[in-house]
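Both complexes below contain chain A, partnered by chain B and then by chain C.
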Partner chain A sequence: MNRFNFFKIHLVKPFWLRFIIFIIVGLPLFSNSPARFISQILSKFFNPEFALIITYPLISFFIWLFCLPSLGLKKLLDYMAAAFAIALTTVITSSLLQYLLPFIFEKDAYASSVRLLRLYFIVLAVFPWSLTFINSFSPDSIINALMHLKKPFRETGLHFALALRVFQHVGTVVGRLLIIWKERHPSIIVMRHVGEIKNLDFIWEWIRWLACSLIDWVYACLILTFEPIPAMVNEFEILSERNKINDSSEK
Partner chain B sequence: MNNATYNISKFNTFETLVDSFVASTGVYFPKLSEGRNSFFKGFYNWLSTERTPSNCSLITPEPLQALSLPNPAQVMYSALRPILNSPSEDCIKEYLSKYGLDPSISTQPITTLSGGEMLLLNFAKAEAQAEYSERLIASNPVFWLNSSRYHHWQSLKEFYGSKQKSIDVLVLNGDTYFDNAQTNDDFKIHPLEFKLSIKEPKVIFPEIRFPIYHAARTITYKCHKEIIVKSPFLISGDNGVGKSIFSGMLSSIVNISSGDLSIEALNGETASRLVFQEAVSQCFAKTPEKLINDVFCADLERNQSALNVFRNLLSEFNNPDQHQECENKTYTLLALKIALIAERLADKPALLLLDEPGWGLSNKDAQLLVYKVSQVAHDLGVALGIVSHQPTWHKFAASKLTLKRLSQNEVDIEYESF
Partner chain C sequence: MTPQKSKFAQTALISALAALAAITTIMVRVPIPATNGYFNIGDVFIILAGLWLGPKAGFVVGAVGSSVADAVGFPVYIPATFAVKGIEGLIAGLPINKPLAAFLAAFVMVGGYYVFEAFIYPMVGKQIPMFAITTTEAALVSIFPNFIQGVAGAVGGLALWHSIANKK
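And now, the complex of A and B:
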């Protein structure tokens, strides 16, 4: 047995204990209280402002460490690469908006900078945490665990299992689309065909193409994620019906 | 008395086949070739319609659509769970082996299986479901199979017969197994030559550690030669032997870890383009013409050239049957395939690879499509490769590359010229 198996969250059994651990570890991502608590402890050793600032990277670091044994270094780095891209885009867009629309945002520049910093590190942690969370539960084991339950818990559980599977399916869809995209545009973020256009014209066309591509990706992900839902529902319904028959025969 | 029935329904177009499948199962499948607006409209109809569970075992128009769980082990576990209290790993592997699947694929992600492997997994699942499903509704149940695997369908059919369960089969006209009608069309294509250099290319698929462990896998193509290949050529071989991976390597989508695989056309071009087997997801939910316009948004010359190829090829399919069955023929799977081909031809690569070009088309349309595409491609100096196990393509091919499995990780490539 691998000596790191103890630290692999996706192997923790039963599944409800795994769920509780995930919620506890992910709590700082949804509530300010854990960060405030940690910064209070750190402020005994450092300047309070500095303590607050280093709390967020510390929390992100802890969450990465939590995900690492399950994901492995390569997968964690893949997830983090995507997380960095999203976090940078979010923070840069937010600061641009703050500059362009100052009347909407708070006046205190320092407070808004700290808020952006917090947002940045939370996005960096949310991405690996949520993907580890979604993929650590298998819908079929949830369905099987729910088989012994009575209505309405079983129906609710089946809906939860279906929702989980749909979220997991997003990862599959993105992988499939990426291969198709790579065939069409080998350099991924620059279009394959640029014709004779040069310099400023090229930059303008590239921005236009990038914006259209983002919209295409969103639609394609949405549609291809929705696509198998009817078949999934049908399959889950068959299992549910079968369980009802089993229940009535047991009675 | 055995009341089980065995019905075969034949259709001219994929759209009518899907409509019939939806009507008989109640399971809605969106038409991605009609673009995003049509998809959302259709999906809203599905969401707002009350339906009764079909309780049928399904082999869907695309084999992947009926496989809702991430890997074969989970698919089989959930299918067997209602009849066996706790299906063992050995039991699952036994089902997979019965349908010619290597038990080692049980932890492999579904999406990395080949079309044939997915279909065989559907067979294994359908057998597991036979105890509690009312009937089997199978769409194109042998299309993805090599002829040496047709007996698996026969086994499944007999199994359902023995359980007195009915089977409804939906196929497109001219299916090689269900409708072995020979066409007398004479397809004469002047061959085009190009150089293919194979130097024992090796592909490594790294191990998957999360969420389920799956060991690393390698495929080595044990072949070291330079061949002058005559186009159009066929890439053929058994299910799961690595045909799609080979075409992926040729078009630089699959990375070669050692060895080399390269092509050189007479016009000096070395790039190759590929039209994947599952054409619908390649459109990114766009209509065919919108797809071409968006790909060439910065290159008007190529845009026009692609649109011309698209319109010319589409006009070849002016048959009355299609007009009757599809109100707007530019939104069909056929039109979508033509758009994908036109987009790649406008790029003028050395080689255009069509992975299972006949999928979703009647035999007549598929043959006409490949014939016309090979003419246009050769006129542009582009060689054409067909990746398929369907015997129907032999009459087009000027040469053939056959992939043969030597061991689990080694494949041999044989070349023959006709």
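And now, the complex of A and C:
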């Protein structure tokens, strides 16, 4: 397994190099320019429209490959499952709203489809990428590094480390909770129920499903997000107190 | 559950709400092609942060959480989002009647985006082409989805705040 360590981004040192690699790999998620550049290259071999369409899955695939060694297959599949649920919800809801409110959205169906396709693959890639990103920086190593700093920087650094730990916790919890969408409200997305909803009723059912799923998900997120916060805060208060005692004994 | 007095507890709660605001903003994104923007449900946590933790926390959650979400796919909107969503959270935290604060924050969000999309971005876009993504007419189109987003955020934020306040 050691030969794969070279590809594990969380082992890259120093931390700023790791940060730069993440930004470079994630650049297509922030800007449209890399996708345009890749599609220009691909259009030498394929039809330009086809080149543009396959660029987005290619970028997503590359980002998944980048995340795989650090996350491991099981975790990556968990994150991808959450990402697919989010991406499908996003594009189906967008399509339905475009159908219901055509005066707000563009009339060019092709441009609209390409836009949704891009959004779909960005969401698929952004979820694993951002969770790998925040989990690749350890709050413990920040705390250790802070020990050499002066008092005001150390206190600010502790707040930063706590914020990072909370972000890591929220990222882990939120993805796992998406199962609520299927478990508590299966009517739309479980195959055996699909035939029960006909034509225009589907739009109403979809909106109802989305609203109920989101409400349950948001409540579950709040409960599970805040649950470990008192323990985390307690740990950082103890560290801060210990630093204060050390400072006074040094004087 | 009450807002903690410890600075670390404040940091933890603000970070958690900012992370939730960022994630929910990314989660359900409906693109609005006229303005190159999108409809989302992240306002729920911004208004909750203001109502629960006060104006400063509301500002931080709105400005940071939503800007992080904009960085993915819509970076040109970061300046507008930082200002508008930050002010939205700040107004939600004002010490006035809570439902009034929540709906006022939502309407300020709608107005703030209109000002950016109708006037500031077209003006800045003349100097920096990257910002030339919207016009006064397009900004009018986005008022309706922004209004729905704001009202949904206010109702959701108030509902969550009620649930939390009742646990005291």
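By our rule, the second predicted complex is superposed on the first by the 160 of 251 C-alpha atoms of A that agree within 3 Å, B and C clash if a C-alpha of one lies under 4 Å from a C-alpha of the other, contacts with A are read in each partner's own complex, and residues count from 1 in each chain.
Basically, a residue touches a chain if its C-beta (ideal position, glycine included) is under 8 Å from a C-beta of that chain, and two chains touch if they have at least 3 such contacts.
Computed from a predicted structure; not experimentally measured.
Regarding the shared-chain residue A:N135, is it in contact with chain B (first), chain C (second), both, or neither?
A:N135: touches chain B, not chain C.
In the superposed arrangement, does chain B or chain C reach more residues of chain A?
The partner with more contacted residues on chain A is B.
Looking at the overlay, does A:T55 come into contact with chain B only (first), chain C only (second), both, or neither?
Neither chain B nor chain C is touched by A:T55.
Looking at the overlay, what does A:R208 touch: chain B (first), chain C (second), both, or neither?
first
What is the contact status of A:T90 with respect to chain B (first) and chain C (second): first, second, both, or neither?
Touch partner of A:T90: chain C, not chain B.
Taking the superposition as given, does A:S39 touch the first partner, chain B, the second, chain C, both, or neither?
The answer is neither, since A:S39 touches no partner chain.
Let me test your reading of the model: by the given contact rule, A:E237 touches which partner, first (chain B), second (chain C), both or neither?
Both partners, chain B and chain C.
Once the shared chain is lined up, is A:A220 touching chain B (first), chain C (second), both, or neither of them?
In the superposed model, A:A220 contacts chain B only, not chain C.
Which holds for A:I143: it touches chain B only (first), chain C only (second), both, or neither?
First partner only.
Where on chain A do the contacts with chain B and the contacts with chain C coincide?
Residues 219, 226, 230, 232, 236-237 of chain A touch both chain B and chain C.
What residues on chain B touch chain A, complex-wise?
25-30, 32, 36, 39, 43, 46, 53-55, 58, 60, 64-66, 68-70, 74, 77-78, 81-82, 109-111, 129, 132-133, 206, 209-211, 251-253, 273-274, 276, 281-282, 284-286, 294-302, 343, 347
Enumerate the contact residues on chain A facing chain C in the complex.
The touching residues are 29-31, 86, 89-90, 93-94, 97, 101, 103-106, 111-112, 115-116, 119, 122-123, 126, 130, 158-159, 162-163, 166-167, 169-171, 174, 210, 214, 218-219, 221-222, 225-226, 229-230, 232-233, 236-237, 240.
Help me check something: in the complex, which residues belonging to chain C touch chain A?
1, 4, 6-9, 11-16, 19-20, 23-24, 26-34, 39, 41, 44, 71-73, 75, 141-142, 144-145, 156, 160, 163-164
Once bound in the complex, which stretches of chain A touch chain B?
Those in contact with chain B are residues 10, 70-72, 74-75, 132, 135-136, 138-140, 143-144, 147, 165, 168, 172, 175-177, 179-180, 182-184, 186, 191-195, 197, 202, 205-206, 208-209, 212, 216-217, 219-220, 223-224, 226-228, 230-232, 234-239, 241-243, 245-246.
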